[in-house]
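The two complexes that follow have subunit A in common; it is paired with subunit B in the first and with subunit C in the second.
And then the complex of A and B:
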């Protein structure tokens, strides 16, 4: 797979945009998570209104071989509803915090979706036939008296229009006191973990009435609390290994074989702080907002406010690669703190071959970094360039000095337009970028 | 810890600098180092005020994110550490720092107090803190806190704000095991039902340690106005 930037590599071009064009966006329509399934055939989004929308990749048509096929709506369902916590007098939002697909094992697809408190296992299945010819019910639908049924009739399957059904199969509730920030399906395909601000639980996918608490960092006295869990993920191949990141910018790797309660980590990843860049905001900007293992399982990537770091699991004292996402914001931290942007939780993702990474920024910009060539590129998700196959023009933010043509100054960036969630197709160069209520799909340009 | 006398490079600070000068010029001439120090203190004050403002907002039940409040409280603690390390001798020399410090001491309770900011003709900056003191001693619902003008009290403030909005409940049910909030089993919680019924439906009405005026967001806005008047072009506007 080629790199991310221009030059001899391919270019990114617009493929599709989903969602309304309206200027005033309904809060419920804001996309809060994006996730491809393992094959890349399905793409799921969750929104603040508790809905899950699944798009399906349609096979490319023979007549238009240059188009790699589009993603069209496959199924939409209400995953979570708003609730009220009567003990705490607090609303529980319906917002979908995370979606994770399970590896496909039969014709149906399964996914986990979670809001702040409750995780649900959904089955998405197709039905294009229905059984007809039962004689157990009257015409008005009432069950007939068994004594009045005198003959045996075998129902027959009749074809019907394709129907995609989403049904809740398991509901994993009441295990999290704080807000769930991560769910991750284990490589054993039987268990998964869920993490909130202070605890991580391990579940069996079939069992809803119990879970094992594997990490608990809640101090006996909450006044002593100085650190929270911000993200957690299972290792892609070793089902006993998981990592979790913290608000202090550290990552702990735990081995579930060591003890039932993994409150002692096996590895501790931390980069020493550069004293020259110390400021009041040092801790806030070093808080990790996302952690993702590479597909190979050799590396992991963490996102903090200003940078993305790639860590080799064999080296704990510093990351092997550090990429600046929007270093020009370092001089704006005071304002970003004031308007709360500094607390935004940007996510990050790997491409299928682990050779490139992607993460979001402000002004609907998103960034890609090629790990081999060390090249990076800034692209924009905007409707202006949303003509089919239109090539995305690289964007540049002027960093001090004179602003060149085609550059945008830091002061004119729109901080309300932020790209927090992106996903990279597991095999192809197809990416999904969530920009507020719109989902953009881009792909590489085939020459 | 921040390096003493190190010139900060934030652009927001650069923007604030000219506004700072009139305040400082009425003092005798200051050398570069003192100015840098003043800048740092000013910035610290801005960060501190925003910190408290944000914590109050969460306290009012608008939004509850443990991550945010932990980060804010840690920032607050860092500033507290800075102030401790500044030492007492510092602000005898520097009236500004004294002012900052005096104001800071009051931050724990009265910053959001209605009385402090109801005044329509806003007091000039240096008297703002004394205003706080007088209002505080008159209005405080907790007199012994009002007299404890110790810098340590910031941690009390932090603790009073707490990470959870249900901390206000703790005052009512001090002796009740709060683990009932944690339990996953509703029936267990119901066992303690008689107490739970006492729970106020909203935090604004809870007679906890926080004066009810703390909940008033208008007061916060008002307070922010004062702060903004002190340091006019807060750089946030640039980003909007």
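And then the complex of A and C:
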């Protein structure tokens, strides 16, 4: 697979954008998660209104072979509704925090979607035939008069317009006191884990009334709480291994074979802090917002506020690679703390071959880093550069006093336009970038 | 820039900011402290504030309190203090945490708390005790412990069901938790406050809620309604959590005068994780942590002073 930007033979270009163009963005339309399925054929998005929209990749048309094919709406359904916790007198948001696809095992597709409290397993199936010629009812559904039935006929299957149905098959509820931040399907395809601020539970996909608590960092005395769980993920190949990250910038790898309760980690990943760069916000910016295993399973990637780090699972004391996402914000941390941007949780993702990584930034910028060539690129998801097959122009933020022509100064960045969620196709160079209420799809330019 | 295993670069813009003797650092510290308090209070007004955010803000305040405790005072800090400078403390805290974190996640939190008690000097020690206790009060209400508590509880800010000792007396039980933070010589506490007097109330454009004039104005109106101060109010949906803030922010100081205290408010107002404690529907079973009780301190006037001060923050 080609890397991020390898000279003249590889460039990113605009493919599609989904969502309203209106300047006034409805809160419910803000995209909160993006995820490709295992084959890349389906792309799911969740929003703050609790809806899930699934796009399907259509095959390239013969008349336009230079295009990879487009993603069109495949199914839309309301996954979660706002609920009211009568015990706490609190409203539970319907915002979809995460979507994770299950590996496809038959014609139907399954995905897990979660809000703050409840995880649901959805089955998305197609129906393109229907039976006609029932004996007891007419075609419009009305019951036939039994006395008028004089002969017996066998119903036949007739083709119909494709209908995609989404039905909730399992609802995993009442297992999390705190807000769920992560779900991850295990490689055994039978279990999955869900993580909230203080606990991680292990579920079986078939059993909804029970879950195993495998990590609990809640202190006996809540006064002593100084650390929360921020993300968790199962190892892609070893079904007994998972990792979880914390608000203090640490990652713990746990082995479920060691004990039923994985409070004692097997490996502890932390980079020693540079004392010279310490500030009031050192801990806040070290808080890890996302952790992702590489497809190979040998590395994992963590995202904190200013950087992305690649860790070798065999080395705990420091990451093997560190990429600065927007180092120019380090001198602005005070302002970013004041306007709450410092608490933004950016996600990160690998490409299919683990040769490149991608993460979002502000001003609708997103960054890609090629691990092999050591090149990085900053691109922007904007309507202005949304012409079909238009090549994306690299963007640059000027940090010095002199600003070049095409550069943008740090003070001109729009911190309301933040790209928190991105996804990379598991096989091709196709990326999905969520910019507030719009979903941008970019692909490499086939020359 | 892509580098392998590179630690954070030492930014030249940060030189002055990290130099504790630099006035820029001091002003930034005050600003961050004030913003943190403001941020926390506003966060508590939300129906369900984010636990991660609250923990990060509390840790930031804890760190600033720790650094302040270890700042050399004018006429204090014995020469043989174990901690000679802020850098050592800063390095000591992470070193305290890192080894313990390798063993057990829960141990990290206890060591972080214990780091607060390593301040040098008598007054700074007491101040750190106060800071630790104040931050403890923050976290007592963290737990939304439906699982532990079989009884449906009414949501009252700054309470943790797990740490509650149920009592029909609304203000009696708090003594166990609140007094802990204020043990020690009151004179020592006054010394600490004298040091803290040196810090000016930061007036920043960002702080729309904490100007001193507003607070003084609130004093007058607060005299009319003393019922708000003691006891618990019914907490239904939409109960403003910020109204209970002053009960947990003000230290109990019988010798404090209103104006003197207000000038130190930015130091005293450490946040409390209020909204993480869904609480019983019976108000009597939920004592407030730091609600002042005239039974503890002699003198009705002192109680009234406390009433005024707490009412100020209620209104703010």
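Just so we're on the same page, the second predicted complex is superposed on the first by the 423 of 447 C-alpha atoms of A that agree within 3 Å, B and C clash if a C-alpha of one lies under 4 Å from a C-alpha of the other, contacts with A are read in each partner's own complex, and residues count from 1 in each chain.
We take it that a contact is a pair of C-beta atoms (placed from the backbone, for glycine too) under 8 Å apart; a residue touches a chain by one contact, two chains touch by 3 or more.
Everything numeric in this text was worked out from a predicted model, so none of it was measured.
Subunit B and subunit C, once both complexes are superposed via subunit A, clash. Applying the stated contact rule after C-alpha superposition, one finds that A:230 touches each of subunit B and subunit C. Once the two complexes are overlaid on the shared chain, A:23 sits clear of subunit B and of subunit C alike.
In the superposed model, A:145 lies in contact with neither subunit B nor subunit C.
In the superposed model, A:197 makes contact with both subunit B and subunit C. The partner of subunit A that touches more of its residues, comparing subunit B with subunit C, is C. By the document's definition of touching, of the two partners only subunit C reaches A:319; subunit B does not. In the superposed pair of complexes, A:178 makes contact with subunit B and with subunit C alike. Judged by the touch definition given at the top, the superposed model places A:336 against subunit B, while subunit C stays out of reach.
After overlaying the two complexes on the shared chain, residue contacts for A:384 are found with neither subunit B nor subunit C.
Contacts of A:247 after superposition: both subunit B and subunit C are touched. Across the superposed pair, subunit B and subunit C both touch subunit A at residues 87-90, 177-179, 197-198, 222-223, 225-228, 230, 247, 275, 278-281, 283-284, 287, 331, 334, 337-338, 340, 343. Those residues of subunit A lying in contact with subunit B across their complex are 87-90, 174-175, 177-179, 197-198, 222-223, 225-228, 230, 247, 275, 278-281, 283-284, 287, 331-341, 343, 411, 413, 415. Put simply, subunit C touches subunit A in their complex at residues 1-11, 13-14, 17-18, 28-29, 31-32, 35, 39, 47-48, 50-53, 55-56, 58-60, 62-64, 87, 90-91, 94, 97-98, 101-106, 108-110, 112-113, 135-147, 152-155, 160, 162-163, 206, 235-237, 273, 276, 278. Across the complex, subunit A is touched by residues 1-3, 8-13, 43-44, 46-47, 50, 54, 61, 64-68, 70-71, 73-75, 77-79, 158-159, 162-166, 180-182, 184-186, 189, 196, 199-203, 234-236, 238-240 of subunit B. Of all residues in subunit A, only 87-91, 177-179, 197-198, 217-228, 230, 246-248, 250, 252, 263-265, 268, 270-281, 283-284, 287, 306-307, 318-324, 327, 330-331, 334, 337-338, 340, 343, 369, 374-376 touch subunit C in the complex they form.
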